[in-house]
Amino acid sequence: MTKPLNIGMIGYGFMGRAHSNGYRKVNNFFPLEHRPVLKAVCARNRDKAQAFADTWGYESIETDWRELLKREDIDAVDICTPNNLHKEVAIAAAEAGKMILCEKPLAMNVKEGEQMVAAVKKAGVRNMVWYNYRRVPAVTLAKQIIDEGRLGRVFHYRAVFLQDWTISADVPQGGAGTWRLDVDAAGSGVTGDLLAHCIDTAIWLNGPITKVTAMTETFVKERKHAESGKVAKVGIDDACAFLAQFKNGALAVFESTRYARGHKALYTFEINGERASISWDLHDLHRLGYFDHRDESKLRGWRSIHVTDSDHPYMGNWWVPGLQIGYEHSFVHQVADFLKSLETGENAQPDFESALETQRVCDAVLKSAASGKWTDVV
Amino acid sequence: MTKPLNIGMIGYGFMGRAHSNGYRKVNNFFPLEHRPVLKAVCARNRDKAQAFADTWGYESIETDWRELLKREDIDAVDICTPNNLHKEVAIAAAEAGKMILCEKPLAMNVKEGEQMVAAVKKAGVRNMVWYNYRRVPAVTLAKQIIDEGRLGRVFHYRAVFLQDWTISADVPQGGAGTWRLDVDAAGSGVTGDLLAHCIDTAIWLNGPITKVTAMTETFVKERKHAESGKVAKVGIDDACAFLAQFKNGALAVFESTRYARGHKALYTFEINGERASISWDLHDLHRLGYFDHRDESKLRGWRSIHVTDSDHPYMGNWWVPGLQIGYEHSFVHQVADFLKSLETGENAQPDFESALETQRVCDAVLKSAASGKWTDVV
Amino acid sequence: MTKPLNIGMIGYGFMGRAHSNGYRKVNNFFPLEHRPVLKAVCARNRDKAQAFADTWGYESIETDWRELLKREDIDAVDICTPNNLHKEVAIAAAEAGKMILCEKPLAMNVKEGEQMVAAVKKAGVRNMVWYNYRRVPAVTLAKQIIDEGRLGRVFHYRAVFLQDWTISADVPQGGAGTWRLDVDAAGSGVTGDLLAHCIDTAIWLNGPITKVTAMTETFVKERKHAESGKVAKVGIDDACAFLAQFKNGALAVFESTRYARGHKALYTFEINGERASISWDLHDLHRLGYFDHRDESKLRGWRSIHVTDSDHPYMGNWWVPGLQIGYEHSFVHQVADFLKSLETGENAQPDFESALETQRVCDAVLKSAASGKWTDVV
Amino acid sequence: MTKPLNIGMIGYGFMGRAHSNGYRKVNNFFPLEHRPVLKAVCARNRDKAQAFADTWGYESIETDWRELLKREDIDAVDICTPNNLHKEVAIAAAEAGKMILCEKPLAMNVKEGEQMVAAVKKAGVRNMVWYNYRRVPAVTLAKQIIDEGRLGRVFHYRAVFLQDWTISADVPQGGAGTWRLDVDAAGSGVTGDLLAHCIDTAIWLNGPITKVTAMTETFVKERKHAESGKVAKVGIDDACAFLAQFKNGALAVFESTRYARGHKALYTFEINGERASISWDLHDLHRLGYFDHRDESKLRGWRSIHVTDSDHPYMGNWWVPGLQIGYEHSFVHQVADFLKSLETGENAQPDFESALETQRVCDAVLKSAASGKWTDVV
């Protein structure tokens, strides 16, 4: 018999759906000792909370997250709020002794992040941050390839995360669906929203980033605020690019924007090593590009690995070779790994401490963009 | 409040999982009046049935499908058995007044299929066959494009379904996972298993096929039978290719094999019309190729449409643009459409009668391969 | 010092340009003992012949090919006329003791081809047919891969040659540029023009084809004749598809059309062997697809080989890795191989005898399309 | 009758071949008033000069470029030497009243470039720099698209030029074929060799670059010098990446390296505008990517334009749709445009003055990499 893990979710937006789907599906596909139970969802608006609970099968609702934290029938709190609430909720949850699964980015800035790390350490509660792309099978396979030493010395890392959904000046800032354009709710624009993913993957695959030089731009300077109805200055970065150096000597280029016409969610990365290279693209997430210089000379070429075989990460639990899975499965995998971590005793990664490293790079990037100088990651 | 639709599933293999996942997810993503309830799963082996029920949340099990059909708490029967049981179960289910959702192909041959169609008509029960690929969003979009008259006169249709999983002579025939190689269980090889999908899509998109000329081959002549343990002659077609003519004047080429090294499940089709062409590939199922001759001359090119926008079929119910879904979602969509059909009163397609048309082509193909002659589809 | 080889070209159309370019470039890139000298070009229209001679540097012109054959300063005759003149010119050239380089297809039909083969054998003159695609480096690399035994037993061969330039009913038949639509000049439509290429490559790569079943279609039944100005019945095949069996047991599917909207010259082939598969596409002719099952399981994928390295066929004579060559280079290579054959004494391939094998398949295809029956290649 | 333009070439390496091929082919494909005559090739080594002259049909040789400049039968001088000779030769050629076609980059640095510009202006001689990629038909089409205003406001520009040929520490510096690794001959590494191409295209397509911040790296610190045989410090940049701002407000990211395993000559650029985006890739140079937001919503997708139609730039002079040309044709086009400029009176672009703008960006990039600061392009 599986052991229940009672989940209390705070927030019910896009990420609330993605996580809930993960909780509901995981035991159908992964043999695990534990089983998530959707105990409660919390949102300020009672009707919306109830509608969400009805759709997803949450047993109860709350309208005040502090009440949720008081409930003894909640084992783990899932924080799906806008970024400006992460710190306060997480620290309270830690103090209440709850496990914490927190949406990314960890916090609004390093200072907040450090407080959160301190809180979970002090409380000794399990913690994890939803950098879900680590669990896309092709990305996990990239990690395996690297850990097996196939690349040799790494020379280059490059990543972009390109979108085009905010080109129209009519997109508002603030409110449901567009809070990511409101600096008070989001902390930053593409840096915290999109580059944070790129940075998390990069550190995971290639180690620490030591210094950066960055530029940011806000193409649309004013937007109507969805809640106040007033036109207000836009405080976020619409686009951000930065050069970086890794501790292992590799050079890196990162870029993100929401103004790349034709790209919906083009997160790509490529790593060039002495002996092999790897590339990946979220738009076709089930494929991994791989070039191996040790292949016979005249037959060398980039391989397009269709990562759907049973010996590929996570794929033995799904369908048969050739049948692809999608975006949402990365969350199922992250839930599976979190539940497995309950069996083994180690935090599923990235935990708060690991996510803080990504936060440090984000802060250095924004600082560099403001100062125009190379900035150390500290 | 949603109305329950009590499901009784017969079989628990690959397709049992795919359908069960569809039942469990559909109401999380699609607002519908009805809600599938996983009432019972039926399999001869009690332990396996129970394990499946535990994994997927079926409330009860049966070990004799005739008992399942007697139960008054079952509204709809889902037939996921090997092909050789479709007819018997379906006819009995119809007589028991159950709705029927039957795995493809409809039957072992046209004769069986005709009996099944007669039975559901006589009983007046809802019926549907799981030709799931119609509900891949890119394929549904292809149908929309065609229905809007964008192609003009159609000249060509071509489709392949290429796999490579039976190249090794060590793969057995018969038994769980490999019954598709046993002619007694499957009726035919790639023709009923893979070409049936190609044919269903083709008729849906381009209308009736009138005549065919075919060739088949069995590359590995003998295989051990998984159940008897004895080496026996292989009765299925390992590969099949055929030329065809459509009623609308288009020429067609179809091919399927399980001996195409490097292809796991490469189902592709392409349609060439006077004004536009369409192409699709299951290996990257979220993309549709589209060429429109009416584009400005110097800017014409095949478009790669990433079918993940909210105005694409089914996609408004999932995530955000750029985030792909996978194979399993085609079943969720088929469940959604079946449930919606309960609201509207018309059978969700393809129903048995429609699937019988595909069966007629399959039979003509096998007959042609045996005779070496062009054969009318009758 | 290089030895001159005096060329007399008959015809000055598209192929006249392609061959002339080959003659002019070959010694700039390939170190050879022989050097083509553009001695004379022959065409009925004196002005056009002279203009062509001026553009390409031919030293003289003729307006009667019989006069050209009488000239003692001509070593080799290049036949670039429409197909209906191949036989007569080639036999006369053989009788005149000239080497012959003949455009493909060899002849209007097998009967003519047999006479041509007899003539060159009797005369003992060198002969070659311009099936140029064998000399695209990626295709030549495919041949190397096969000759090295990397594929193992071959199960499948498939090829298409898809164009879209005759969809408009306003395209005339007959005359310069459109004689390929006039059955009297061309002998057949896509079969002799396009499928002949596919068949030549197929036999070269995979051995003899033993039997076929085919269908043809003429979508536009009448077209104005460019020379007479009158609307006349179209006698060619606009489209042709056929199933085939190779002597080595492989199954094959071939298709060609000029009604595939969106494809300009999409000649593709794919070969599936037990251990490896190969694919190629004329639209990106510098790449070869290669899948090797012996690659480590989790890292298997189709390789896209950019065939531009110095150890790739012919490429050491061109630029540096990554810099692609184009269509016209296949003719330069064929000239180079022809000149090299003068050093070694063996005919460059395909010679007339080899091209006759392709003609036999073309005839069987057209016969099968007319009869509706499987037809042996004899 | 065409008018001769007598060419004197200095240098005979890779670029000497590429230019010579351009001179020899241009009149076969482009109707022009002028015709290049290969009058003389100049190289210090008499035997090599003669061998080159024999291969390419140069009428004479010189071993001292100053002698070449004295010859009255030379109209135009083509400078194909290593970069460190560009200035001296060009200024002397200008003083001798010769037209000048100079390999890129224009000079070792801005200071030299300014002297060269002054010299050609003073002498009033025609001048051009071989930034050949402007004449790849797909790139020229990109320029047309932009000039037609299809992109709207431009937000982003990104370009990379990735190679992998110097990863091995055994590649020497200096000497034939590897002088590009010798800072004394080349001036810089990838910046002048590869990024210069990216910058030339970028300015041409998107206007002036105003400021940059850059990083460079030399991965292999010491290499044997091919001429001296001694191991010496490597002075060039093996890799260089920089962020930039365009005058039109667009942000840019540029990167180049010779350590990107798996890429031979991957020059790609992408431009994102408000209404449309464009992408291109040298590895498949006959294709242009194009995304137009004004396409009907559900049918939007990146188009892959096979730039081989007669209404595409330069392509009406070559073969038929679908048949690709290659790298070398960009030089033929540049010769054609240069010859055409003799008819019209304006310099073919880029001339020295235009190429100096690229040099200014290169110098700013290297200065920024050394200082670690944002640097204005002046």
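Note that the chains take the letters A, B, C and D in the order they are written out, and that residue 1 is the start of every chain.
Keep in mind that, in the parts below, a contact is a pair of C-beta atoms (placed from the backbone, for glycine too) under 8 Å apart; a residue touches a chain by one contact, two chains touch by 3 or more.
Note that the coordinates shown come from a computational prediction; the quantities given were computed from them, not determined experimentally.
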Inset, instruction - Quickly list, by label, the chains bordering both chain A and chain B. - result: C, D
Legend entry - Selected interface, B-D versus C-D, where C-beta contact pairs are more numerous: C-D
Inset, instruction - Give, as an integer number of Å, the spacing between the C-alpha centres of chain C and chain B. - result: 42
Legend entry - Gap in Å, rounded to a whole number, between the CA centres of chain D and chain C: 36
Legend entry - chain B and chain D: spacing of chain centres that average the CA atoms, whole Å: 55
Legend entry - Multi-chain contact residues (two or more partners), chain D: 263, 287, 300, 302, 306, 309
Legend entry - Residue ranges of chain D in contact with chain A within the complex: 155-156, 158, 160, 162, 164, 167, 213-215, 217, 219, 239, 241-243, 245, 251, 253, 255, 257, 259-263, 272-277, 291, 293, 300, 302, 372-374
Inset, instruction - Flag every residue of chain B that touches chain A in the complex, lowest number first. - result: 14, 17-18, 20-21, 24-25, 27-28, 55-56, 163, 165, 263-266, 282-287, 306, 308-309, 318-329
Legend entry - In the complex with chain C, residue positions of chain A that touch it: 141, 144-145, 287-288, 290, 292, 295, 297-306, 309, 311-312
